[in-house]
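Two complexes follow with chain A in common, the first pairing it with chain B and the second with chain C.
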Partner chain A sequence: MLKAINLLKSYNGKKALDNISFQVEKGEIYCLLGQNGAGKTTTINLFLGFIKPDDGNAFIDGEEISTGTSSLNKKMAYIPEMVQLYGNLSGMENLDFFSRIAGFKYPQEKLSEFLTKAGLQEDAHRQQLSSYSKGMRQKVGIAVAIAKNADVIFMDEPTSGLDPKAMAEFTESCKELAATGKTIFMATHDIFNAVNVGTKIGIMREGSIIHEMLTTDIDANELQKIYLETI
Partner chain B sequence: MWHIIAKKEIKQAFSNRVFILLGLIVWIIIGVSALSGYKNYRNIKKQQEHAKELFKEELAEKERDPHSAAHFGTYLFKPLTFLSLYDPGVNDYSGSTYRVEAHRQSQMNLANARDTSAILRLGELSISTVFQLLIPLLLIFFSFSSISKEREEGTLKLLFTQGLGIRSLIWGKIFGNYSIVMLISLPVFLIILASGLLGTESFIRTLLFVVAYGFYFFIITCICILVSYRTKTSGASLLSLLCIWTLLFLIVPKLIAGIATTTYPLISYNEFTKQMELDYSNGIENDGTRGERTQKLEKEILKKYNVHTVSELPINLDGLMLQNSEDYLSKVYRARSIPVEEQLERQKAIFKLGAFFTPYNAINQLSMAISGTDLYQHQDFHKKAGKYRDYFVRTLNMELAKGEKNEAGQYTVSTTFLKNMEQFTYVQPSVNFVFHKYPFILLSFLFWMVLLIFLIELSIKKQNIL
Partner chain C sequence: MTRLAFYSFIRSNSVKIGLSFLFLTGIISLFIGKQFIEKQKQNITDTAIYQKEYITQNVKFHKDDMGLLLYYLKFSLINEVPAISGLSIGQRDVNPSIKSVTIRGLEGQKYDTDLNNPYNSLLGSLDFSFVLIFLFPLLIIAFTYNIISEEKESGTWRMVSVQSKSLFKHINKLFAIRLALILVVLLLILFLAIPVLNIPINADFWAVLATSVSYVLVWFGICFWVASLQKRSNFNAVVLLSVWILLIIILPTAVNNYLVNKYPVPEALETTLKQRKGYHEKWDMPKNATMDKFFAHYPQYKKYPVPEEEFNWLWYYAMQQMGDDESLESSKEMKEKILLREKSSRAIANIIPTIHTQLAFNQIVRTDLHNHMQFLDRLDDFHEKLRLYFYPKIFENHLVEEENWSKFKPEYAVTAHQINWGESLLPLLLVTALISSFALFNLRKI
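Moving on, here comes the complex of A and B:
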């Protein structure tokens, strides 16, 4: 579903991505670990089409990113680290707005269904987003991705700042999405969450993927050891 | 897709307490300025009507010596247009009264000539001032973060991932914010259009007024959104827009006014009067001195009537002499007014050119022109009033020349004659006058629109969306 071949990207002579290659299959959750500045967000920005690689190719469902077709936009969704959305609109209104932007016009019941599916309690649907916790906002972000029916969901540090309960709920939502055939590509610092939610893990350092492993082959302690040795 | 963005902007604005508070403040200011404007408009209108009737009655209340009737004179009033309530323009500085009196040319326009240039800089707190200066400021306050905040908070990235294009984003933001400012101004616009439909004011003028401000607000909205898109943070956006406001709405208009008045200065009222007196006394165009002119005229009249002495004349020589003196005064006045009018025209040319440097100058001049309160329409009134003055004084002098006396042996005109003298009715120039006098201003609106669309499209191509 996702494929990177020898991706290269430099900023002012400094390599942000140094010849990285990886592949993520349909229904997989790929967790990219690494320190700040390792190149995780650059990889996501490249797949989202916000930046172009200096060299190499990136594909989503066999279609090359650099072509920048709108059909690619329909296939992907994005959940940032801080899902801010619009504070003076309700969760429902935010979801409705982002869905309309994506070209979907859902009835209120359907919107409510998406929010519930993302784990947001029903009584919060019509509350202003400014009263939401970070975890609740993340759920609206997931609902936006669900409503878009995207095949691939990119997540940039989505669990950062979440309390344990919210993190557990978020992990559950990711697994449910993957079970329905969605592909998730997640940049994270959180080793334990990566092992818990991911199916495949990549460890990045200075723009290169140093290690890549399946979560079935490793536990959290081993991953932590490899991670600390790598960075 | 831009309409989804525009709708969201409107929805967000009306659920934002700060915006509602700002809107209320603007409405209070509009209300206060409308109330004071209306009070002022009603008072002046009432005073004008009262004074007009009073002078008409007083002039004709008794038989008078024609010359003393010419001295008694009358007052002419520039009728107030309904739109002058919204934009008083130069009225407050130049007044709307013209004194008709023998031996005196009313110099209303020129007496205030120095002030008129200052008027073009900033006016009193009228609705036009609120629309021209405060609404742009309000627009800045609610739109400065329109795009920069989306960038700061990461929603911009999310929007683009959802499939939104940069062009749709920018135009959506522009139309959203434009709709908000038009909604705030809507009640005022509706009142103005209603006055046009009810016949209180020319409908085309009211429509033009609304359209002109509509264009103006659109230009300001484009500037705000463009800056919000070009700046990385909301703080930088607000600072940039406040700098632009200070520059375009305060500094540049003052600078243009300064350039116009220093490059083409006007003579003072005292100097103008002194020159008039000298010209009248010494004569212009080799006409000779006042004494020579009088002697020459006397000779011509005696020759015309084929008599040798004044006492043999079948008419009253004084009447003809006075009229001749009036005619010469008008000649001198016209001759002296030409360079002043030319100077004013040169100043106006700079102001008109200034419309290409700041949209404030464009709307300021166009708004006054549509409201019938600009300098050109003021000059038009002055010229028509001057013609009436000539008619008034000439009629009475000719009566004096007839030499009719009453029982007491005094020259006189009857009350019926005075009552039946033609009244002054000022007809405001048609709306074509605006198009004829301000083609540059209309062009400047087009210039600003094209320039901003070009800059927006250029930014869309060049700017890194993140």
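Moving on, here comes the complex of A and C:
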């Protein structure tokens, strides 16, 4: 579903991505671990089309990113570290807005269903977003991704700042999405969450993927050890 | 989606405050315009009463001497103040709408005017044109300076970018929502002006409305262009406020300064001096010298003999006439210079929307310089008509009581008025199209 071949990206002569290659299959949750500045966000930005690679190719479902076609846009959703939505709209209105700009018009019941599925309690659906906590915003972000029915969901540090309960709910939502065949590509610092939610893990350092492993082959302690040795 | 974007925008308190402030200021401007119109109407009513009383009193005092009576009598000509001029007072606050003249030398009387409080002139009038030209752009800037940039800074833009099928359409919708709200306020103010100022719904009204909408479009074009640069909000704010200062303050002042220096009017003083000299020096000259010139101007009065006595009204009015005749050239030159200034400022205004809108407004509602110059031309005709009517009566010393003085009521000047739609709207629409095309070019790859 996702494929990176020798991606290269530099900023002012400093390599942010150094010939990285990887592949993520449909229904997989790929967690990219690494310190700040390792190149995780650059990788996501590149797939989302926010930046262009200096060299190499990136594909989503066989379609090259550089084409920038609208069919590519349809295939992906994005949940940033801080899901920033419109504060003057309610959670449901935000979901409706972001669905409509993606070309989907859902009835209120359906929108409510998406929000519930993403873990947002029902009494919050019609509250203005300005009163939401970070965790609640993240859930609206997930609902936006669900409603878009995108094949690939990119997540950039999505659990950062979430309380344990919210993190557990978030993890559950991700697993449910993957179970429906969605592919998740997540950049994170959180080793334990990566092991818990991911199916495959990549560890980045200075723009390169140093290690890549399946979560079935490793536990959190082993991963922590490898991670600390790598960075 | 448009509905939700509208809710997102309108639910902001700052938007509600901004729109309310603009609407309230617009309403205040209408009442200031109403006050101006009512004052002008009252002046016209008072003038008619004053003229009647003044004639009655003087006819009583000077019933034996037609020449002396007409030395004093003043006759008024009114430049009608249309109700719509309350929207743009223009030069009517300094150029009088009523001129009361005797049949003596006209040039000296043309520029006699009521005293104006200079502080009022300094502040200007808070009429609708002021609200539109000065305040509407500020709110347009406040509503649009951070489109794209605010979303980028807050992080919403990335979500929008990934979700949206067309970012270009998304940006257009955000601008369209703001444009629609501003236009609603504009139209509300203008349609409220109809009952408040008692404005007839005619071509003048539609021309003001179309010019106002075009001016608003210019500012949206400018904001659209700045947003298309995709810089940070503070950069956009600084650029847009600089453009506001440039278009509202610096360029109009610079253009005025340039025109005043390029077309100086020394003829203004020259005309006054020549008129005074033309009249006063005749007292010390042989009567024949004055009378010959007078008869050359009015050959129909050659039948009246050159007076031999020390003082005679024929000679006196001939001297007065010479004041006008001898200052005629410089008066014409002054008028030409003033009209040339007006023409040049209109030409320059074609590329400066703020000046253009003010001039277009004043032209539509007849408060412009051109209208005043026409009024002065009609005053020439009016004065000449009075002279030609009274000269024979004075020279033949008709009895005062034989004249039907009640027929001399204030008259209304007929000035030509035509709306040139192309001239009013085209420069604004072209500027909008040009700036918007730059913006579209910038956003072509968004």
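For the reader, a short list of remarks on this structure follows.
Convention: the second predicted complex is superposed on the first by the 231 of 231 C-alpha atoms of A that agree within 3 Å, B and C clash if a C-alpha of one lies under 4 Å from a C-alpha of the other, contacts with A are read in each partner's own complex, and residues count from 1 in each chain.
One rule holds for everything that comes next: contacts are C-beta pairs under 8 Å (C-beta built on N, C-alpha and C of every residue); 3 or more make two chains touch, one makes a residue touch a chain.
Keep in mind that this is a model prediction, so the values were computed, not measured.
When the shared chain is aligned, chain B and chain C each come close enough to touch A:Ala102. Looking at the shared chain after the overlay, A:Leu48 reaches both chain B and chain C.
In the superposition on chain A, A:Asn73 contacts both chain B and chain C.
After overlaying the two complexes on the shared chain, residue contacts for A:Ala166 are found with neither chain B nor chain C. In the superposed pair of complexes, A:Asn88 makes contact with chain B and with chain C alike.
Residues 48, 50, 70, 73, 76-78, 80, 82-86, 88-89, 93, 97-98, 100-103, 141, 144, 148, 154 of chain A touch chain B in one complex and chain C in the other.
Across the complex, chain B is touched by residues 45, 48, 50-51, 70, 73-74, 76-78, 80-86, 88-89, 93, 97-98, 100-103, 141, 144, 148, 154 of chain A. For chain B in complex with chain A, the touching residues are 1, 4-5, 8, 11-12, 15-16, 153-155, 157-164, 465-466. Those residues of chain A that touch chain C in the shared complex are 48-50, 70, 73, 76-78, 80, 82-86, 88-89, 93, 96-103, 128, 141, 144, 148, 154.
Listed in rising order, the residues of chain C touching chain A in the complex are 1, 4-5, 7-9, 11-12, 154-156, 158-165, 170.
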